[in-house]
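Next come two complexes, and both contain chain A; in the first it sits with chain B, in the second with chain C.
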Partner chain A sequence: MAEYIIKNGFVFDPVQGIKGDKSDVAIKDGKIVKDSEISKSAKVIDAAGKTVMAGAVEIHAHIAGPKVNLGRIYRPEDKLFTCTATKGMERTGSGNSIPSTFKTGYEYAKMGYTTAMEAAMPPLFSRHVHEEIRDTPIIDEGAFPVFGNNWFVMEYLKNNEVENTAAYIAWLLRATKGYAVKVVNPGGTEAWGWGLNCLSIHDPVPYFDITPAEIVKGLIEANEYLGLPHSMHIHPNNLGNPGCYQTTLDTLNLADGFKAKNKFGREQVMHITHMQFHSYGGENWGNFESKATEIMNYVNSHKNLTMDTGNVTLDETTTMTADGPFEHHLTGLNHLKWANCDVELETAAGVVPYIYSPDIKVCAIQWSIGLELALLAKDPMRCFITTDHPNAGPFTRYPRVFKWLMSQKARDERLNTFKNADKVIGASTLSSLDREITLYELAQMTRAGPAKSLGLVSMCGGLKPGMDADVAVYDFNPDKPLANPEMIETAFSRAAYVFKSGVQVVTHGDIVSTGNKRTLWVDAKVKDNPQVMRDIREKFLKYYSVTQANYEALGHHFIPNPYALEVDATQV
Partner chain B sequence: MTKTVTDVVCPFCGTLCDDLEVSVTDDGKQILDVYNACAIGAEKFLHSQAKDRITRPRLQQPDGTWKEISYEEAADYTAKMLAGAKKPLMYGWSSTNCEAQSMGHEIAEMCCACVDNTAAVCHGTTLIAVQDIGLPTCTLGEVKNRADTIIFWGCNPCHAHPRHMSRYSIFPRGFFTGKGHKSRKLVVVDPRVTDTAKMADMHLQVTQGQDYELLNAFRVAFRNEWLPDVVAGIPKEKIIEAANIMKAGRFGIIFFGMGVTQSLGKNHNIDEAIAVTKDLNEYTKFSIMPMRGHYNVTGSGEVLAWQFGYPYSVDLTRGFPRYNPGDTSSIDLLTRGEIDAAFVIGSDPGAHFPISAVKQIAKVNSVCIDPHITPTSGVSKLHVPVAFVGVETGGNAYRMDNVPIDCRKVVDPPAGMLTDEEFLTMVRDRVKKLKGVA
Partner chain C sequence: METVTITMKNPPALYLEAEHICPDEFAGKTAAQIAELHVYEGNTKSTLGKYFEISGDAGATAEDTKIVVRGDVKKVKYIGMKMSAGEVVVEGSTDLYAGAWMSGGRMLVKGDIQAFAATAMKGGELVIEGNAGNYLGAAYRGDWRGMSGGKILVKGNAGSDVGMYMTGGEMVINGNVDVHLATHAEGGKIIVKGNAPSKVAGQMVEGEVIIFGTIDVMMPGFKYVDDVDLEVEGTTAKFAHYIGDTGERHKKRKGQMVYGNLYQKI
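Coming up: the complex of A and B.
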């Protein structure tokens, strides 16, 4: 493999604590190495006057699978003026909020992202998810199977059977080639099977007679029993409703007393995703307000939590979630087309287009809350930037979110020109926040932080020798005074150079290689558990519509280049 | 002695049964019998064993006779035809696996082709309606475990999807439906007294072509508003009775077929059927699902959508995807005479398209990839027989509820025969050379 030395850039690497020092990054055999280890023939990349960071890590996005594709199928209008023609090795692309798989891979890479996690995989559809992942070039991807409404999980946890839950999780991760334990509206989505919901953590799930609180606690326990790389990753109950922050605080409180047990350097036991949607106060849309301060006070003081923001980008987008009842609620609010798919024994999903208009007060407050959360975070290693793509906005808007976070001028300009500026300003503390996220903090919030939370800290998110050579170089000179905040957005939209596992994949914003994409999954070994194996057999015989032998995602077509993180829980 | 292959997936209809058992000879070369399948599915496996099967590509000669050629020559012909054409059509895809579809799309992109699947003459109208109004649906296991109200509208699963009712919709005893068919109400809407209609608790014999009116009347009935005495041939009382059955159930579903998608009203019928479903979710839980025909037409729509953004009738002539059914759909392209090469795989337009469109296939350079001799292969210049997907090679397929199931290989194809994917890979490599793509 080619050797590279990226010379004289301003390096930002939280893993090594480098805060913008001018230094070199050397690449050999797909890994970062010490400068002394490469030969004289190494290709020199001149990064003078540029910013150098590790490849960014996306912790939560909906980029592959049945609901994403349902969005593509039912929204031809999303393609209008967004198609890109075949160009060199770049396949043709289409779509804005739900880009085609090829475009998804290219766009991430061009922004300097090299790893991304698909946030909700319905286990029965794992093959579909993996087929799309295979067709998403360049970036390493993993997918989180959903567990929060799974019949096995609810039946085991009702009887406090943590060991059985863990054995089932291990089996399902292997069958679906999944990466982590995802929970979406615990219990509520099963209730949606009957058109109902669980809006608080104590609402019992119909028939199963278990509460969301019990599901969440049980899954944290099972997750730590196994010692998985990532923690339980949750989208709490009651998303998106005025006053929902109370449910969120109740949910966060469930993690109290749990400590992370794993060999991957992860410290949290719960990751709360798209916190913006869960930080609402007020009783109705009229007195809707931000409760970001209350939420962040809690998160800041509890080290066993990580979170991502879910920033609203003020675009037309497509919402999609395994929170089936929420999407039904949303179509009632905006009267746009509603798609839903309930999945036997496991989960559901809904899709509704949404227009975050800057002229609508609630949308503008949602925008404020997303930024507030990030600006109120005391530990950038535990608060990550996402747009919950495509729910709060397309991932391609990350550079714009960075701009708002890094420049008070840019965000004040936006805030003060909203149609309902007075009401919006009054509903959150954003206008009083003068913090500007630094490049070092940005590297924490988009690289080192998410990598650590995912248990990938020894692999990616940093530039320490021995780590994968995922490197992004941006045309951004931190030494020069910032003339115009737009420069932030421009620089982070198109990286000057991107390396993925040591392969140069982007040069001056163009794709030059489709790299060596991998599918990340977690292979957890547990003690033989005949009871769980019997339960699985029985459920397939009686209740699934496919046979057990036809369930597993297996083989080259689905996972051409797997990378398994191994966990051994046989000695627990 | 014989061997039995279990958990075999049936590559015939969109029901995609995956519990077949096939007994094969000890050497694994010959299929002896097929268990659990319906008559159509069993025949698909058994007739692959025909001794007089075509096993090599055939090129039609000027005098109408056929000359056997090698796969290499066939791949050369196909690649030259596609690479040289101004506006080639690549149609079909519904009876092959996703691997082959994916490979075909790569070729289509390089050749700036129009790519279309059988939805264009089937559930394409459904897709247009979904683009208008959305789709509340579920997987078939949800129907098995929860549904107590089943509506078959303009479809006849007794004959078209023979195991649908026993596996998913009427007879199975699921988790919350322990009494099987006794716990389910069956309403059939069909102008004909079909075998499915004969089983129904209530058969609404709608006047042909007035499905929209009846669907609309249901929406009125749900709201207890005024109705005329008779709508679409159905007395008001019966409409109200049916509407009450739908509202009273705990979990209901509408399955619909070509009787509503391709009769008068087309996509508007489906718009209204989906609106009915949406309305019902205000009272109870309701879903709706198209009864997809070919075993992998759903998969073709999925692969097209994640690669190009649209589920059918994709036009790549400008180097990026465009979609405008009626303009970019196969029959329209053919009857307007815009196509200068036709490539057909995994379907039989010769048997199903209007004669004016079929004549166009016969007129231009054309390749038909199909294990059988069909009306399409008959009018094509080149016929490339291939292994049967799901019998002689595996590969992924999507059931009518979008659940992906990996088909199984049961026996080897006749010696020297290629699969769709293998043949398309040869074509892809040749097109790359012809186009000078790295």
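Coming up: the complex of A and C.
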């Protein structure tokens, strides 16, 4: 494999604590190595005057699978004027908020992202998810199967059977080649099958007679029993409603007393995703306001939590979530087309287009809240930047979010020119925040932090010798005064060079290789559990529309290049 | 105003995608530069000059530019697409998406026009001396934002799904229309001097539809209110006034429920 030396760049690497020192990064056989380990024939990449970081890690995005595809199918207008023609080795692509698989891979890579997590995989459709992941070039991907409304989980946890829950999780991760335990509106999506919802953590789930609180605590316990690389990853109850922050605080509180147990260097037991949607105060849309301060006070003082922001980007986008009842609620608000799907014993999903208009007060406040959360985070290693793509905005807008976070001038300009600027400013503390996220903090929030939270810190998110050679070089000189905040957006939109596992995949913003994409999954070994195996067999015979033999995602067709993180819980 | 005349001299074997035949694209260019603008014939990229003889230079701005299209352009799509000002005259008939997304200026087609003309039109004026196809002034596939402004006049007949998801602007059709007129409309005004067979204004929640001729089957969601005297396009007559579609959600404005209004000449 080719050797490279990236010379004289300003390196930002939180894994090694490097804060913009001018130094070299050496690559050999797909790994970062010490400068002394490469030969003279190594290809030199001149990074003088440029910023060098590890490849970025996406912790939460909806980029593959049936609901993403449903969005593509029922929104032909999302493709209008957004098609990209074949160019060099790039295949044609289409779509803006829900790009085609190929475009998704290219766009991430061009921004310097080399790893991404699909945030909600319906287990029954894991084959579809993996087919799309396979067709998304360059980036390493994993997928989180959803567990928060799963019949097995609810039945086991109702009886406090943590060991059985863990055995079921291990089986499902293997069957679906999943990466982590995802929870979406715990209990609420199942309640939706009865036309109900769980808006607090104590609302009982009909028939199962279990509460969201019990589901969440049980899944944290099972997750730590197994010692999985990532923690339980939750989209709490009551998303997107005025006053929902109280439910969020109640949910965060459920992690109290739990400690992370794993060999991957992960410290949190709960990751709360798209916090922006869960930080709302007020009683209605009229007195809707930010509760980011309350939320961040809690997160800042609890080390066993990590979170991502879910920044609103003020675009027309497509919302999609396994929170079926929420999407029904949303279509009632904006009257745009609604698609819904129930996934047998496991989950459900809904899709609704949404326009975050700068002229609408609520949208502008949502925009403020997302930025506020990141700016109030005391530990950038525990607060990551996302747009919950495509829910709060397309992932392709990350560079714009970076601009707002890194430049007070840029965000104040935006804030002060909203149609209802006075009301928007009054509804959050954003205008009083003068913090500007530094490049080092950005590397924490987009690289080292999410990698650590995912249990991948020995592999990616940093530039330490021995780690995968995922490197992004940006045309951004931190030594020069920033003449115009737009330079941030421009530089991070199209990296000068990107390496993925040692392969140069982007040169001056163009794709030059489709790399060596891998599918990350977690292979958890547990003690033989005949009861759970029998329960699984029985459920397939009695309830599932497919046989157990047709359920598993396996083989070259679905996962041509797997990478399993192994966990052994047989001795617990 | 400067006039550029483009004359079809080498008709394409396949359909030609020519969205650059538009005053905004021609503006500031000489005839030679206009000839270099690209078109697609199937998946083959080529230039306007390969198919058209181009004479005359464009004005400095779209507003100062008039385009006259001569010859057989029945297989040319997207003429006048996204135009914001100036003038386009098509002396014959043309294909899909003529004047689509136009926001200003004037476009005149002396012959017939095919489907999706004036898709999501925002402003300006489109006159069709012949017949119009389906989806005139409608929303793009999947979209919920149809024609929102401007004026369309069809001197002949129009096809089906005219004014689908229309939210504003005005449309006059001197002849007949086919089914699904003003489906999902949320504003705007459509006047049909001829007949409309059926499924008129289904799921319409706001806006106005005026039919001079017959409606074979009235939508069940429309409710007769009263007879009114109206002056429409210079004709004063008595019309039966219906509101609907009562099967849909309706906004309230100043405490009053807002409905789509359907008038049929008695």
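Throughout what follows, the second predicted complex is superposed on the first by the 572 of 572 C-alpha atoms of A that agree within 3 Å, B and C clash if a C-alpha of one lies under 4 Å from a C-alpha of the other, contacts with A are read in each partner's own complex, and residues count from 1 in each chain.
Everything that follows uses one rule, which is that contacts are C-beta pairs under 8 Å (C-beta built on N, C-alpha and C of every residue); 3 or more make two chains touch, one makes a residue touch a chain.
Here the structure is a predicted model, which means the values were calculated and not measured.
Shared-chain residue A:Gly193: touches chain B; no touch with chain C. With both structures placed on the common chain, the touch criterion links A:Lys337 to chain B and to chain C. When the two structures are aligned on the shared chain, A:Tyr298 is found in touch with neither chain B nor chain C.
Once the two complexes are laid over each other on the shared chain, residue contacts for A:Leu80 go to chain C alone; chain B is not touched.
Between chain B and chain C, the partner in contact with more residues of chain A is B. Looking at the shared chain after the overlay, A:Pro66 reaches chain B, while chain C stays out of its contact range.
Overlaid on A, the two complexes show chain B and chain C touching the same residues of chain A, namely 74-76, 78, 337. Within the complex formed with chain B, the residues of chain A that make contact are 64, 66, 68-70, 72-76, 78-79, 83-86, 89, 91-95, 100-102, 124-125, 127-128, 131-132, 135, 151, 192-195, 207, 328, 331, 337-345, 348, 351-352, 542-547, 549-550, 554-555, 557-558. Those residues of chain A whose C-beta lies close enough to touch chain C in the complex are 74-78, 80, 335-337. On the side of chain C, the complex with chain A involves touching residues 139-144, 249. Residues of chain B touching chain A in their complex: 6-7, 9, 18-19, 98-99, 102, 109-110, 127, 130-142, 144-146, 167-168, 174-176, 250-251, 278, 281, 284-285, 287, 301-303, 305-311, 316, 318-323, 395-396, 398, 401-406, 438.
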